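Next come two complexes built around chain A: one with chain B, the other with chain C.
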Partner chain A sequence: MSVITLERASLRYGHILGLSPTTFEIKEGGGITGLLGPNGAGKSTLIQMISGLLRPSSGQVLLFDEPPFRNPNVLARIGLVPEGDRFPVGFRADRWLRMMGGLSGLKGIALSASVDSALEIVGMTTRSHLTFSAMSKGMRQRIRLAQALLHSPDLLILDEPFNGLDSEARTALMYMLRNLAKENVRVLVSSHILGEVALLTDQILLFFRGRLLAEGSVIEIRELMDRHPVELRLEADDSKAVAQWAVDYPDLVAIKMETNGAVLSVKNPRDFFQKLQSAVASGQLSIKSLDPLDMNLEAVFQYLTEDHG
Partner chain B sequence: MPIYAPTLPPRPSIKPDKSPILVMARFDIVRIFRLKMGRFFGYVYFCVLLVKLVIIYVNYLLNTNPQLGQLKNFADQVMPQPAIFQASLLDSSMLFFLWLQVALVNGALISRDTLYRIRPLVYSHPVSQKDYLSSKALIAFGIPFCVQLPFILLPWLISILVAGSSGPVWVTAPLLLIPAAILNSTIMGSITLGASSLAGSPKASLGWIIGLLLMSSALGGILSGVFENFAWMAISPIALTESWSKILCGVEKTAIPFLPTAIATGIHVCLWLYIAKRRTLPSEAVI
Partner chain C sequence: MRNIPSFVETICILFRGYLPRVFKARGWVLAFIIMVPFVIVHIFVILGVVPNPARLALELYHNGYASVVIPVIALVSASACISEDIEQRTLPLMLVRPAPAWALPIGKGLLWFSWCSTWLLIVVTLMQLVGMEVTTIPRKIIALVFTLWAQLGLVSLLGLIFKRGILWAGIVLFLWDPLVTLLPGTMQRLTFSHYLQSLAGGQYSINNMNSLLAQAQISTPFWLAATVLIAVGALAWALCGIKVMNMQIGLSGRESEG
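And then the complex of A and B:
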């Protein structure tokens, strides 16, 4: 059985196409799948459809072989962690969790046990009596995760969960998600930062401008980045020395001289960085700074769309 | 900071047939009781109710004490006829404070969820739109009704205590005024729910409600003047709530007749509940 199945599912907001016809399948069993794409790529639209908030304009969305839109059988099996804060300030976290558990049909002893258990999983047992206004962003994120875990979902959906978190909170959240995935919970995480998703999972769905561009592993994405010419600004006192050294590099595509250095366009940047490091370490080349101008996910997406075009 | 991730517990027993309406309604009641303005309205209602009770007691003294005969004659001139007196238990001063209260409290019911973007979370649980709206309506209709109830029942109980069932002619007042209170609550609840669903925050919701009440009263006044017919005041929800108690108590000359009041009430309730329904669709819940 599949956890998520999309068959040419698309969504329109009036005349605007939020998500082009998309087809993919995520099999049952634990694990983490990353939804990767820049802002406006259609990740949140996809999450809204999967979590039963929106009905697809065409095609079919199935969760556990049933359509999720306003379907209590499906909604009882998913946990949603939406982006950003979703709390009434001034309220205590434990009371809020009890209400959310009640909405899932939990009551009495089962509700109390679920709240305690979810708080333990997210490491907030001793701080759940605090009001949301007294909590840090990381603590609120943990409570958001706890509310999604109350009814022990089979599918956990997180929309941009790392936004605004410091590195410690990010690491802690990643650790929690990995443990949940080991417990046979399928975790779906959306993010616009490749590095975050790469630390968490190897399975990625790449979205761009409402289209599913690619489905694969982080390694494959990195290879795409290697194929794509990347612009790097090298700042140095001697621009000519930089240019003389760079022209010997076989994957150099273009060079643009500047007053304090040069902008190089190179393929296979990871290989280039190794050679640059050796040259600087051996004293062959002297540079002040290195600034990758377009070595980000957006550039890869642009490159992919050009390829697909 | 070490984070421990114990093994997930077995899936708890969940009864999906349990209605979440009461869960959300209980949460909203707790939320309302936390508001400081609740105390303010408590004092206001207490004072208004006290004045009404004193009037009844004085009326009783005037009727029973012969030494106050002259005063009684004077009071008879200034005291209203029984139907008006019954209707005045839900008079405009009390209804003014009630409108103010529902604008503040009910206005926040949906708009607060919009402000804190809570609806997607609610709808990601097995909660239907009907459940969500019903829980809000329960509070929106229930608060004004519960506030009006003591204004009807306490004076009535005192009248029974001091004069017996053969005493005041308005001994059956609750039978007339409770339906009026239900109608008033329905008008107040539906309008405040609709306005709350349109607003992005409780403050904006208050603005919507006050603006709506003032604009509709002004429009009603203008149309009444232009067409020289006071029935046009039925456009105003404030005038409607003031009208129902008078109509049901049988006041002979009411400002707005029964038919315009009934039609306008129906239109207001349907329109604002429709708006609230449209604005709380799951697709309106922005992630």
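And then the complex of A and C:
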């Protein structure tokens, strides 16, 4: 049985194509799958279709072999942690969680136990009596996660869960998600930061401009990134020395001289960084600063799209 | 096998869950709107400046509560019902739960309906202090409560269907409904005021004075009028449920950006 099956599922917002026909399958069993892509790549659209909020314009979305839209059998098995900071005004977190648990089919002792357990998992037991307006962003994010865990879902979907969290909270959340994955929960996490997803999982679905670009492991994605020439600005007193050192590097694609250094376009940047580090450490090269100009995911995706084209 | 809440269970969960909300500002504003006209009239009666308290009580009921207070509290309450969850973008958090989505509008609506009905019951009961005939009080309570039920359902429905639905509802309640005094016979049956007055006992037929009607006032039998208001409200809530059941609402609002 598959947890998620998409068969040429697409979604349109009027004339705008939110998600091109997409096909993939995630098998049952615990584990973490990363949805990776820059903003506007279609990750949230996909999540909204999977969580049964939006119907696909064409094709088919199946969760546990059933369409999820307003389907209680499916919705009883999924937990959604949406992006954004939305909570009903004036509610106390514990009361709101009780209501959400009730709407998930929990009652009586089981409901109280689930609320307590979810609050404990997210580390909010002692602060759950606060209203949402009295909570910090990080605390509200924890409550968002707690509401998704109340009914012990088989599939946990998180949309950009690391946004706005400090490094401590990020680490705690990652630890939490890994534990859930070990307990046979399938976790689907969206992010626009490869580093975040790479720390969590090896399975990635790569989205760009509303289409699924690649599906594979972090290593494969990293290799794709390594093939992409990256522009780096090296600031140094002696521009000539930088140029002389750089021309010996086999993956140098282009060099542009500047008054206080040079802009290098290199492939395989990780290898380049190691060589640069050695050169600087051995005194072979002296630089003031290193500034990556386009080493962001957007640039990589641009490159991948051209590559695929 | 996981437990899925029934329609009734969902309503109870929402009622319990949102109950503390009625004790916040909006709930007390509604109570204030309901109580203030009576309190003012009562003060006048105590001061002895009202020559005919019984007539004033009727005026208060029909021109105050039936014509103004009920539509106002229907509009204010409706904006605290399911429309609030759409505005605050919290509806998707409920729609990803296995509870029946079509129970959500009435679940929230019933809470505010109950709160306002309680205050209406109190205020109409207290109207005997300003000269309201005691024997007429039960049907006057029924008239207001049933009208509120229907109006709240209609306002919620319009709020779900149209972007500025509450405004459209305001137009219906404050511009169309008062036309009952001008509308010919059967057209009067298309207004809430007609059924309210049929239930409460028509304002001017009771007083038999100061008739402002441009058209002869028609009447609908008590039980039929009650049934119509209950049915209109039930239909409106059912349509709200169907609307929510089929609503494509993303995490960013009605039209998700993706």
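Note that in this section the second predicted complex is superposed on the first by the 307 of 309 C-alpha atoms of A that agree within 3 Å, B and C clash if a C-alpha of one lies under 4 Å from a C-alpha of the other, contacts with A are read in each partner's own complex, and residues count from 1 in each chain.
The rule we apply is simple: a contact is a pair of C-beta atoms (placed from the backbone, for glycine too) under 8 Å apart; a residue touches a chain by one contact, two chains touch by 3 or more.
Values in this document were obtained by computation on a predicted structure and should not be read as measured data.
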Exercise. With everything superposed onto chain A, say whether chain B and chain C fit together or clash.
Key: clash
Exercise. Check whether A:Pro21 is in contact with chain B, with chain C, with both or with neither, and answer first, second, both or neither.
Key: neither
Exercise. Quick one: classify A:Leu180 as touching chain B (first), chain C (second), both or neither.
Key: first
Exercise. State whether A:Gly40 touches chain B only (first), chain C only (second), both chains, or neither.
Key: second
Quiz item: After superposition on the shared chain, which partner residues are touched by A:Gly31: those of chain B (first), chain C (second), both, or neither?
Solution: neither
Quiz item: After lining up the shared chain so the two structures overlap, which partner does A:Gly210 touch, if you call chain B first and chain C second: first, second, both or neither?
Solution: second
Exercise. Examine A:Glu168 and indicate which partner it touches, taking first as chain B and second as chain C; both and neither are also allowed.
Key: first
Self-check item: Partner chain(s) touched by A:Ala113 [first = chain B, second = chain C, both, neither]
Solution: first
Quiz item: Between chain B (first) and chain C (second), which, if any, makes contact with A:Glu83: first, second, both or neither?
Solution: both
Quiz item: Is A:Pro56 contacted by the first partner chain B, the second partner chain C, both or neither?
Solution: neither
Quiz item: Do chain B and chain C touch any of the same residues on chain A, and if so, which?
Solution: 44, 47-48, 51-55, 70, 72-73, 75-76, 78, 80, 82-84, 86-91, 95, 99-100, 102-107, 147, 151, 159
Self-check item: Parts of chain C lying in touch with chain A, wherever the complex brings them together
Solution: 2-5, 9-10, 13-14, 16-18, 20-21, 24, 84-85, 88-90, 92-101, 245-246, 248-252, 255-258
Quiz prompt | Residues of chain A defined as touching chain C within the complex | solution = 11, 13, 16, 18-19, 40, 42, 44-45, 47-48, 51-55, 70, 72-73, 75-78, 80, 82-84, 86-92, 95-96, 98-100, 102-107, 147, 151, 159, 210
Self-check item: Residue numbers on chain A that touch chain B, as the complex places them
Solution: 44, 47-48, 51-55, 70, 72-73, 75-76, 78-80, 82-91, 95, 99-100, 102-107, 110-111, 113-114, 117, 120-123, 147, 149, 151-152, 159, 168, 172, 175-176, 179-180, 183, 185
Quiz prompt | Interfacial residue positions of chain B with respect to chain A in the complex | solution = 1, 3-18, 20, 23-24, 26-27, 30-31, 34, 112, 116-118, 120-129, 282-283, 285, 287
